[in-house]
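First chain written, first letter: the chains are A, B, C and D, and each begins at residue 1.
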Amino acid sequence: MRIESRSSVGPWRSEARVRAWEARTALALTGLAVLFLAVYAIPILWPDLPAGWRSRCEVANVLIWAAFAADFAIRIAIHPRRWAFVRTHLFDLAVLLLPVLRPLRALRVVTAVLALGRRGGAWARGRLAVYVGGTTVLLVVVAALAVLDAERGHPDSNIGSYPDALWWAAVTITTVGYGDHFPVTVAGKWVALGLMVGGIGLIGFVTGTLASWIVDRVSTADRPQDATKADIEAVLAELAALRAEVNQLRSPS
Amino acid sequence: MRIESRSSVGPWRSEARVRAWEARTALALTGLAVLFLAVYAIPILWPDLPAGWRSRCEVANVLIWAAFAADFAIRIAIHPRRWAFVRTHLFDLAVLLLPVLRPLRALRVVTAVLALGRRGGAWARGRLAVYVGGTTVLLVVVAALAVLDAERGHPDSNIGSYPDALWWAAVTITTVGYGDHFPVTVAGKWVALGLMVGGIGLIGFVTGTLASWIVDRVSTADRPQDATKADIEAVLAELAALRAEVNQLRSPS
Amino acid sequence: MRIESRSSVGPWRSEARVRAWEARTALALTGLAVLFLAVYAIPILWPDLPAGWRSRCEVANVLIWAAFAADFAIRIAIHPRRWAFVRTHLFDLAVLLLPVLRPLRALRVVTAVLALGRRGGAWARGRLAVYVGGTTVLLVVVAALAVLDAERGHPDSNIGSYPDALWWAAVTITTVGYGDHFPVTVAGKWVALGLMVGGIGLIGFVTGTLASWIVDRVSTADRPQDATKADIEAVLAELAALRAEVNQLRSPS
Amino acid sequence: MRIESRSSVGPWRSEARVRAWEARTALALTGLAVLFLAVYAIPILWPDLPAGWRSRCEVANVLIWAAFAADFAIRIAIHPRRWAFVRTHLFDLAVLLLPVLRPLRALRVVTAVLALGRRGGAWARGRLAVYVGGTTVLLVVVAALAVLDAERGHPDSNIGSYPDALWWAAVTITTVGYGDHFPVTVAGKWVALGLMVGGIGLIGFVTGTLASWIVDRVSTADRPQDATKADIEAVLAELAALRAEVNQLRSPS
């Protein structure tokens, strides 16, 4: 009874259990995200897919969404402070609510991978570079699928095939923007907006990483070295030795 | 009489009073800025608005401008060093003088919000990100209104609706620039210039924030820790203890 | 004779004299650069200028170039180590040699201002921002003049007036590049290249300044303060006092 | 026999031998890379080259590739830990495998120069700037050759001459992207992708270098100076002197 009076949550609710659940499900969820990309991409890349396979892909799409929703619900359920968990996982929540808008549904693959990535701990620069590079390629591949899905069939569209869509996505994310291909539908323009914002973020990451690398390389070469904690410890050791000697003076015996 | 000889300004003029006034009026001015956006946007978004409502919006527009001017005049009046106040508030002054150019008037909403933001104290990185993100969205929304106001009616114009104008603003601020929509009037080009300069500033902010985040993350992981003020205080405490012991040696009694 | 044996250069050659000359001529050279801009701009902005005024502008153009060349020659002449001076002033030398290519001549105004700027000492961030902003505006104004000079008269040209040229320059330096105006002549393309390289440098400066401002703001708020030289001096003062007391112990008299 | 038991590699395999080989061959390989550029460029710039010279260029192209492959094989052969060498030289390996795709073959010149550059030691900021600038110019020149090779002959192509191709490359790498010229073939689009990624990297380098320069300039002017290792050494010297005096107290005579 004493435990219950300390806390109103059941004994099966703890942060350690949430972490254990996340570690156990990480691999399966990554696999589901890859499968989601496949069942999303197939009906777009093969427009003349038989209706049976088309509906099977749609069912798989919804089932995978349900699996992600269940994972989120379970993590809320076993967390001791539920509102705090939701507040710090608004990103994961957005991942779940995004598919309501069909043309943006594909971006869920990217956000799912991003959300999985955030489960990890601290970042080294090398791992960060691989992660940013991989996310960028994924963003281009998925945005090209989504824009093709939105634009194909519109009479004024100038994006009619997946190679066209990939080329458009690359030209957009690098902010080159030739204007040989551009979306004309509202859904396609929303996909483009996501890609542009991603492109600016990408440039920021690349530039920031390069800048921090250059600042480190250049500053250690040119500037006098800063005093470190280890230096202060050497001073403190020296002081302790001095104090011992002064103590010996006081009681020389 | 002694107080008057110390200072030539009246007792109702002090920096504390200016700060108190700013704190009291901040909420009301933010509300007025939002209202300004509404009365600016409505006649542009509904081109077939009855003339009565159109003129009412124009009157509200001028009245809100007068309220901002009055706030600035009062702050000058109660500040002890008036010229110094004007010199450090050139930005607020520009906000007031901008509406002389009608097509640029809409940008006053953005600058008003920026000026209100500057009344706050220090910035944390998170608050800065929210502020930059919000300003960017506001800049896009307002620039799209202004460019639509300037371009609609021109025979060569290729921006004819608000969705077109929003899409143009997003493509411009990210420096993608497809060229499917672009301003052809002089007023529209000035709006575009403001948007481009804002876009570069935005990229600078995003990149700078990411860079400072990466520099922090990477450097604390890889580099030896720098000596801090707390370390020096430990050394000084050790020295003080040693000095006390030496003092005891001198007067051992 | 002893002085002459120490050095083979005449007594009228010294770095102090070069600095004195530069301080004395700075104002006059800035005035000449402004005049250069005027005599360069007038024949381009008024294509139907009478031939007499046109040739007078051309003569003034050449005379101002000669004045800059004379200034450089004098500075070489009175410097004690002539080759070292040329090696560290390759930028000024390029400013003088650029006008050989007529379409690029206008960029000399920008480079002249840059060269004058380099005569100053250290940079504060605020002064740097004003300098970068001013240089950018000057670069846009001058590049628009140069591209108009190069493009006007070409049958396929789509830049036919100075407002068009200014708009093109702004769209290019911000790397937006709508494609509504672009140079078609070789000379115009070289001007565009200069503007693009300038645009990247500008973004770099703006981003770098913002990044350094954010790094400063954020790091002083979040991080423990680093130990400064002043802290170390407090430690040394404390040690000196302690040593004085120990000395008194040795000779207590 | 004892040496053999310590290590299974022959005595002719050591890192010192690899370094000696690299130092000896650096000049020859740089010369071969320049020659490669020549034999690659000539058949593209002179489309009506006689078939004899065309095939001679192709033979030289293959022979130079073989020389680079032999250099890599020799470095693997004389390195004591072969797999570690391959793992840390994946970039050099990619340089060798790239030419399988003919249109991308030209980029090997850039990567070869990059790979040679990596053989050097630490970077100073000035050397880095020269290296980045040189690589950028080389990337533009080579990408223009490759895109001309890919696009010429295609009926819809809008890049028909080397000046056109150079202008397209400059407009692309700066991310301006007017849209007056753009690749329409798959090979040309791959070349464009390489150029865009290079352009973002270039902006990152330029921005990072400028940022680190500004951070250094501004921080040393505005901020209190950090405590350096030299300061700590002054404290330690002072402490040693004090300790010597205390020691004299203990054994005064």
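Things worth noting here:
The rule is simple: contacts are C-beta pairs under 8 Å (C-beta built on N, C-alpha and C of every residue); 3 or more make two chains touch, one makes a residue touch a chain.
The chain lineup, named per UniProt: A, B, C, D = Potassium channel family protein.
What you are looking at is a predicted structure, and each value in this text was computed from that prediction instead of being measured.
Same interface as C-D, judged by over half of the contact pairs sharing residue numbers, among the pairs A-C, B-D or B-C: B-C. When each chain is reduced to the average of its Cα atoms, D sits farthest from subunit B.
Looking at A-C and A-B, the interface holding more C-beta pairs in contact is that of A-B. Chain centres here are Cα averages; for subunit A and subunit C they lie 43 Å apart. Distance from the subunit A centre to the subunit D centre is 30 Å, each centre being the mean of its Cα atoms.
Remark: subunit A and subunit B have CA centroids separated by 30 Å (rounded to whole angstrom). Residues of subunit C in contact with two or more other chains: 175-179, 203, 207, 209, 211-212, 215, 226-228, 231-232, 235, 239, 242, 246, 249.
Residues 163, 167, 170-171, 174-180, 202-203, 206-207, 209-215, 217-219, 221-228, 231-232, 234-235, 238-239, 241-242, 245-246, 248-249, 252 of subunit C are the ones that touch subunit B when the two sit in their complex. Interface of subunit D with subunit B (complex): residues 175-179, 207, 211, 226-227, 232, 235. Looking at the complex, you find that subunit D touches subunit A at residues 122-125, 128, 172, 175-179, 182, 186, 189, 192-193, 196-197, 199-201, 203-205, 207-209, 211-212, 215-216, 226-232, 235-236, 239-240, 242-243, 246-247, 249-250.
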